[in-house]
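Next up: some structures, all given as structure tokens.
Both complexes shown next keep chain A, but they swap its partner, so chain B is in the first and chain C is in the second.
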Partner chain A sequence: MPAARLGPSLPMVLAAAAPVIVAFALLPRIVDLYQTELLIYGLTFAIAALGFNLLLGYTGLLSFGHSAYFGMGAYTVAFIVRDLHVQSMELCILGGLLSTLVLSALFGYVCVRHTRIFFSILALALSQVVWSLAYKFFWVTGGTDGIRVPRTGVTLLAGLIDFKGSGSYQKFVYSYYYYVLVLFVVAAAVMWVIVHSPFGKALQAIRDNETRAGFVGIRVRRYRWIAFVISGCFTGLAGALWVPLNGLTTPEILYWPFSGEIVFMTVLGGFRTFTGPIVGAIAFNYLKVYAVASSQYWQLVLGCVLVVLVMVLPTGIVGTLARLAGKLRRR
Partner chain B sequence: MDTLVIQTLNSIFYAAVLFLIAAGLSLIYGVMRIVNLAHGTFYALGAYVSAWAVGTVFGASASGSGNLVLAGQLLLLPLGALAVAAVGAVIEPTLLRPLYRRPEEYVLLITFGMLMILEDAMKLLFGGTPLSAGSIMDSMGSFRIGGLLYPSYNLVVIGVGIMAAIGLWWFIYRTRFGIILRATSQDRRMASALGLNVGRVYVQAFAIGCFMAGLGGAVVVPAQAAVLGMGVDALILAFVVIVIGGLGSLEGALVGALIVGFVRTAGIQFFAEIELAVLYLIAAAVLLVRPTGLFGRA
Partner chain C sequence: MALLQTVDLKRYFGETRAVDNVNLAIEEREFVSLVGPNGAGKTSLINVISALLAPESGKIIFKGEDITHLSVTQRVKAGIARSFQIVNVFDDLTAFDNVALAIFSREGKTARLGTLAHLDGDVIREADGILEQFGLAAKRGDNGRDLAQGERKLLDVALAYALKPKLLFLDEPTSGVSTRDKGQIMDTIASVVRGEGITAVIVEHDMDVVFKYSDRIVVMAQGAILAQGTPDEIRKNEQVAMTLLGTSGPDAFTRKD
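And now, the complex of A and B:
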């Protein structure tokens, strides 16, 4: 537990992470188009899982309703593109962030009045309100058909890059990869600063002992609320980035099993570490894609992985690797 | 007037099924402090097994072939509930017991894993097409309420719901096992110190909870075919029921089921678009004002 030390400064961490970032930047030159596309999905989910883990790993609150914020980001982008005919992805992201900010501030205000299982169920119930609205108001949201957001409808960098004409698919995948990668690095850096700031330390104090944290003078409920809002916004950003890639948004991403998938990703990577959710999200994406491709019983495969994970490797991929590394070093 | 009677009966029918599911969920939470995300899937499993048993023994189109066949089909229905109870009795010691010492998030996650596994196991075993035991409903016919027809089978479901409520109440408040169950739910360590076999109580409580879910599926399948995904939908409504009534409370599950049943029927009639949203909002409002629900303790 990195409780006492404040940790290295951001430039040091960025320097340490530089080789990984460079490797990610070089990857599209090595792997093919399809793999690149999968990586974009992985990176988007990684942003969502990072946000989710601010609540689970750092504040000790398990939200089973994060699909609402992912979906809010996604649907907002879809509305902006369809109804306002805005093409600039930056404006779309801004809109998505704003709407998730409002939604998570509202829901968070209600949810943080509870902890433990009541918090989980309340977050779930509220997320299902959003789902049922998206599902039933089909003249606005398209119902189960969802809303199409064709990649030709968006432009990156204030219209500098558009995706019309021939070969646009390739162009889209490669440019969107770098677009998402940059945003991911920024998001991860911001999250790193948050969890290592005094605010982040306060959250961890609340997680470890709520009563003591209150006695020290931390306003527990307000801190939880702010953490909730930040967490929701990260997930909303992920949803906004996911839409043009997927080309379609449906109520599926608002339904509660998708919240379960976000939890799954985070636990797969390990929610006790900063990098866990990132690794978990990318790994989960691969796992799901290959399970779906190889068997119609992919849920069975994923379910078994989850059960084994919880039973045998509760610290996730990163936690287990860290333990193994520690053992090797001691020898 | 006739419509009102029929809508009331529909609400009670719906409440009876919801009560069966929610009472099991609530019992498991009350005794073991586990929120079982796979509970809706247990309900679906009960529906599938019952429909499969009726279909295999009597063939798909046995409707109208006499009272004996109908009696046989009705007797086969509880098979689904028994099968689910057996599955529960296997799952608790193997998957859940090793996790009681860990934070509750892990138990929640493993029930989510169980949900995924069971959903696909049902697809594997029973195929992707809906399974129905509708022949029971057909051969039981219907009766007249004023100028309108109402299926007689729905009354059977309502009857099962009422009987289950009375039976569970008697079981929990009037039998020795009920006392043990309540003692374990109040203080696990004290119960264990007094010489109760807590492990066995847990298996039994979990199996009974699963039985209730399976029974819900078994009684609903002659009226609505078993389809994939029905469990995932049912779970959330069962959550709404026990959140309104109070987690771990039997009376709460009954009242919650009636509230949800009537609101849903009214919703379908008058505000179809926001019918589900209203239910979730009621649940959220109850959690906010009375976190322990209408009937919950502490």
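And now, the complex of A and C:
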């Protein structure tokens, strides 16, 4: 009798992931500098979307407040570089993760007491508190001007790689690409283990039927809180990686439309699959960049894409591809 | 000492007395049926004991401890499990995952986020065994939502059973299934429950099922206990026959009008 498994086999996953990782490693040799930079943005957003999907796809909680954790990661790196004059990107990431851990633990403690629309609105409202602080306390945060984080102000691998002198922009983009790629692979591997762990299974049970989850002994609220904190930390890591690339962080990154963009990325790729948010984040980044470049009505373009997506591809890009592949296999 | 004892347990819904001063004792390893007309308070009583509903007043004593104020998960850890009148399984998880999750929870492993669930050989073997016991081995890879009603009912019970409870409440485990499947489901449940020495309280409307499987029958009406006794005693109780069937007489429960 064939034994059903709780998850896919590890060799199969590695066999599927390895060519993709190799392809990403080779991409900067094929595409130009600008495209490489876009890929870095895509990969950082993919880390955020992976974290976000732990809540949406695996726990059944739709947060409209994840801009707060992305922004917290970004602003913490900016504060560390500007005020502490720390250049090590590793220390900056550590700081970003710690601050996001504290913020998501606090906000999560409040939010997970509610579900459905109440959870979503509460998450949104709390994120806007952070936005208004960044917006109003301009003597700390720089207000709408934000805080600059020049690429010359950071070093990678404990100072082994810096970006001073001529050709620094090119050096930064290529070095930072591989730096972000490695962190992305680590983040994706950690998230894969989490969602395939007994804890991940418990989250899926809570998503499916929270009453029954309680009746099999799962402490629903506590598990949701832990998921919220992990989700926040992944998003904070993405924010920390994003800010040296962007060179600047402003309150815009804390504002609610960016939370909507994280939702959009995840839905675009497909929130019921592990790889969906990754594909969605990279695709969304390209979509937005080219929509902005081609039309002043880019929000309208993105809105239309979202409408079409929900109506035609409700399971997202990866969900649809998986369904088509399943149909082909059955033939 | 009784395994479970309720003392003056009350739960009202406005003017409706769903559970009204119920004093019920369940002995260890008993197979007790809870019967009564619709609205008698059977499910409400189970809901209060399993912490789905809070009581207005009264006490619930389990294994000599007052558990009245314990949460659902605390009562599960104490050894109380239940199935539901309306099937309550994890629809988007496979039958295998459903059962495995209950085992992970029982073993305190659900907090582990650094290990892969599908590499836990002990849990896999036990989950396979439970699915086999409940006749669901062939459906282990099917999602909860894709199972037939009878299979979903069995999975609901299997989930509760996988927690290795001391006391198992089964709320209408055969409702909504065909008469043909009913006997098979009850045979499976009875053999598993009796085989493991689990104390079971079952809510059931089918009196043939009740008389066949129960050690003791508790009859409820309007939130209170009307009568209790062995199947033979209940069969002969005219007040019970009148309440449940609207007719009485020596052969009320066997007469096919």
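Here are some notes:
Heads up, the rule we're going with is that the second predicted complex is superposed on the first by the 321 of 331 C-alpha atoms of A that agree within 3 Å, B and C clash if a C-alpha of one lies under 4 Å from a C-alpha of the other, contacts with A are read in each partner's own complex, and residues count from 1 in each chain.
Definition applied: contacts are C-beta pairs under 8 Å (C-beta built on N, C-alpha and C of every residue); 3 or more make two chains touch, one makes a residue touch a chain.
Computed from a predicted model, the values in this text were never measured in an experiment.
Once chain A of one complex is fitted onto chain A of the other, the partner contacts of A:L300 are limited to chain B, with no touch recorded for chain C. Applying the stated contact rule after C-alpha superposition, one finds that A:I117 touches chain B and leaves chain C untouched.
Shared-chain residue A:L324: touches no atom of chain B or chain C. Of the two partner chains placed around the shared chain by superposition, neither chain B nor chain C is touched by A:V140. In the superposition on chain A, A:A23 makes contact with neither chain B nor chain C.
In the superposition on chain A, A:R219 makes contact with chain C only, while chain B stays out of contact range. Overlap of the chain B and chain C contact sets on chain A: empty, with no shared residue. Partner chain A is touched in their complex by these residues of chain B: 35, 37, 95, 98-99, 102, 104-106, 108-110, 112-121, 123-124, 232, 236, 239-240, 243, 247, 272-277, 280-281, 283-284, 287-288, 291.
The touching residues of chain C, counted against chain A in their complex, run 50, 52, 72-73, 76-77, 81-82, 84, 88-97, 100-102, 104-106, 109-118, 120, 124, 128, 137-138, 140-141, 144, 159-160, 162-163.
Of all residues in chain A, only 1-10, 193-194, 196-202, 204-205, 207-209, 211-219, 223, 226, 230 touch chain C in the complex they form.
Chain A makes touch with chain B in their complex at residues 56, 62, 64, 110, 113-114, 116-118, 120-122, 124-126, 128-129, 132-133, 135-137, 255-257, 260, 263-264, 267, 296-300, 302-304, 306-307, 310-311, 314.
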